[in-house]
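Each structure below appears as structure tokens.
Below are two complexes that have chain A in common, paired first with chain B and then with chain C.
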Partner chain A sequence: MHIPDGYLSPATCMVFGAVMIPIWAAASRAVNNTLSARQVPYLAIGAAFSFVIMMFNVPIPGGSSGHAVGGVLVAILLGPWAACIAVTVALVIQALLFGDGGITAIGANCFNMAFVLPFVGYYVYKFISSGSPSGSRRRIIAAGAGAYAGICAAALFAGIEFGLQPLLYHTANGQALYCPYGLNVAVPAMLLGHLVFIGWVEVIVTALAVKYLQKQGAVFFEGGRS
Partner chain B sequence: MTLTGKLWIGIGVLILLSPLGLIVPDHFNAGSAWGEWGLDEIQKMNGYVPKGFQRVSDLWKAPFADYAFHRWEGKDLFQRSFAYIISAVSGISIIAGVAFLIGKVLAKEHE
Partner chain C sequence: MSNPLHKKHDFIERSILSALAFLKDATLSEEYANRKGFLQSLDPRFKTISFLAFLVTAVSLKSAILISPLYVLCLILALLSRIPLRNFLLRTLFFIPLFSLFIVLPTLFSVVTPGEPLWSFHISGINAIITRPGLDGAVLFVLRVATSVSLVVLLSVTTRHSELLKVLRLFGVPQLFVLTVSMCYRYLYLFATMVENIFTAVKSRVGVVSHQRHGQNVVAWNIANTWNRTTQMSEEVYMAMLSRGYTGEPRLLSKFNATPKDWLWLLSAVVICAFLLYKGYSL
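Presenting the complex of A and B:
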């Protein structure tokens, strides 16, 4: 789901960069209000976890591959704003050092994986788990459902961003200038790969980790300062 | 052991297992993720390289592109797995350091 350089027009990249600036500012404020000093190591672990889990490429029938993101798990543990920061750090280093995701596409990739993914995931988790004790089985199911919804929503957005390019940017004779695949190809490709395969990888990783954290007596994010 | 210690061990295990993310797709001949093709692949699949794409796609030369070392493309899976683990260790050191610093700055006010 890491959009490389060249697939999105410079204007698209600037729009997403501009959209992310207030999101990052809000994330800083929110984390400032909710993150306690003893949770700081968990923010580092969350960012590290997201980075390493994204290295586990899983083959998808049809010749392509994909990977989990881990952002919903971080959101469940530290809240969606902290997850936004943790995944952003991972994505920026991936782009700069490893060429995974474009430099110009950092805004769009962060929008999909560091904003849409943890927020959709967290609120689905919160909706399903609300009122359940932190050690309950419902919370594991909620975490899995959140993980699935989060990564599929992020894939949908990536598909839309890809798919809008040939509509918006083409030469007079109809040749695409950037991503050549329209919404009719990009959205189903991104969505199906994640709905059918990669979504379940995210579910398994997230549910297992939440189960483990429950056993360890970890405190999950509850909205206020802990 | 503290929970953070246990979780760091978990990250360490994931680092050691990370070459699976290289070996398993390789075994099934799986290519890039959708929309992450390079110039050659785009040319082959699409019939032409979009003009804007050509201009922007090589904008940035990442030092460890694809979690590998330069000029190691032809190396065997074992050596590429080694590079993958080194990439994971260095990436995680930097990412954890940066996230830790950001967390310190943001969480500082209510110590």
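Presenting the complex of A and C:
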């Protein structure tokens, strides 16, 4: 899911960077309204938590294992705007310090994983769990469905971003200058892996974590102060 | 001799190894940043601006011939900065560029990229033709990705992470965000150790083999447990910040000092980028 440098054209990177600026501004305002001065330690530790979720290998059928992104779980716990900032912070650290995900592609990566993923996931969760008590089984199902929808929506956007490159940026003889596969290849390739494999890792992690948090009496984000 | 069944179900071991690899990687990076080399001697602000200029140039160029000097520059800078070339090549070529090479392979052939045939051969009775546009496109793509990854790795391993994060202020990133990033980085180390301890405790109780379903429950329980500890910790950290006079307006200390060497380096970087971009434009 992390797009490296060199896969997207500079123009695409600039467009997504420009799209993310008002989103980050709105996220800062929303978080400031709910958390005020507490936001720095809360978001820093939330971001570290979302980073750490990626370190857990989840065993899946066949003896293999994979790791989750955890963006929807963070959105269920902190709210989608705070999750947007927390995942952005995690992505900036990954790109700048560990070379995971491109620096020029940071806008696109944040759009997919810090905006599309937590927002789609959170609103699917909210729609399914609407009106249910915080300890209900419906919340677990809603968390799993939200996680699946969020990661697949993010993969769809990443596929579209890859697929647009050869259409928009090529030489006179048709040679692709950036990601070489069009929408007909990039979108199914990105979606298939997430629909069949990665999406289920996300479902397992999010649903089971919500189940355990319910048992421990954790308070989930309900739209106001978390 | 290791039991394949153990290997198959050993998700705990794999998680611990990932955590340790992550920790070691971070530590190793700081190790290079503390060495006395050329890039380490530069002001982090000038170094970051110059590397971003190189990165934007590498991503903007549309010719492998023009990108290759930037890749050679990376290798020279790695040597001048006392980074063992073998380690640098392993770190920069092994994962992302190798993966890029793998995904770009089908574009070499005429089925995906039609054009002037360069080389043809038979695989299981099928005539495979590698075309010139296919080869040119693949070389350009992989070289650009390898150069970009090399530039980012060089910047991150030769700069102390705390300084690199402070440089974000240069680009108009709000102070609050920079402080959040810096704090997050410090907690990563603590959390990674916490995860490692949790898994060591689990391993000491359940052994190596664990059923897949049980394994999933262990992971989910640990994530939930980590969350509970993080919320507790955020309250404690906030109280500690208040007790030290935090008012909601963060202040970052920066002690960057630019020397003529830094200005000369920046000027050289700008000249190199401008020259390559001009050449790329006139091609």
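Please note the rule applied: the second predicted complex is superposed on the first by the 200 of 226 C-alpha atoms of A that agree within 3 Å, B and C clash if a C-alpha of one lies under 4 Å from a C-alpha of the other, contacts with A are read in each partner's own complex, and residues count from 1 in each chain.
Please note the rule applied: a contact is a pair of C-beta atoms (placed from the backbone, for glycine too) under 8 Å apart; a residue touches a chain by one contact, two chains touch by 3 or more.
Everything quoted here is computed from the prediction, not taken from an experiment.
Within the superposed three-chain model, A:18 lies out of touch with both chain B and chain C [touch as defined at top]. In the superposition on chain A, contact of A:204 is made with chain C only, not with chain B.
In the superposition on chain A, contact is made by A:89 with both chain B and chain C.
Of the two partner chains placed by superposition, only chain B is touched by A:158; chain C is not.
Within the superposed three-chain model, A:216 lies in touch with chain B and with chain C [touch as defined at top].
Of the two partner chains, neither chain B nor chain C is touched by A:167.
Touch criterion met: A:190 reaches chain B, while chain C stays clear of it. Of the two partner chains, chain B is the only one that A:1 touches; chain C does not reach it.
Once the two complexes are overlaid on the shared chain, A:26 sits clear of chain B and of chain C alike.
Residues 4-7, 9-10, 28, 36-37, 39-49, 51-53, 55-60, 63, 65, 67, 85, 89-90, 93, 95-99, 102-104, 171, 175-181, 216, 218 of chain A are contacted both by chain B in one complex and by chain C in the other. By the touch rule above, chain B contacts chain A in their complex via residues 3-4, 6-8, 11, 14-15, 17-18, 20-22, 24-25, 27-36, 42, 46, 48, 50-67, 84, 87-88, 90-92, 94-100, 102-104, 106-111.
Contact residues on chain A toward chain C in their complex (touch as defined above): 4-7, 9-10, 13, 28, 36-49, 51-53, 55-61, 63, 65, 67, 70, 73, 77, 85, 89-90, 92-93, 95-99, 102-104, 171, 173-181, 204-205, 207-209, 211-213, 216, 218. Across the complex, chain B is touched by residues 1-7, 9-10, 28, 31-32, 35-37, 39-49, 51-53, 55-60, 63-67, 85-86, 89-90, 93-100, 102-104, 158, 162, 169, 171, 175-181, 186, 189-190, 193, 216-218, 225 of chain A. By the touch criterion given at the top, residues 8-9, 11, 14-15, 18-19, 22, 25-26, 29, 52, 55-56, 58-60, 62, 91, 96, 100, 103-104, 107, 112-115, 133-134, 136-138, 140-141, 144-145, 147-149, 152-153, 156, 161, 164-165, 168, 174, 176-177, 179-185, 187-188, 190-192, 194-195, 210, 212, 215-217, 219-228, 230-231, 233-234, 237-238, 241, 246-248, 250 of chain C touch chain A in their complex.
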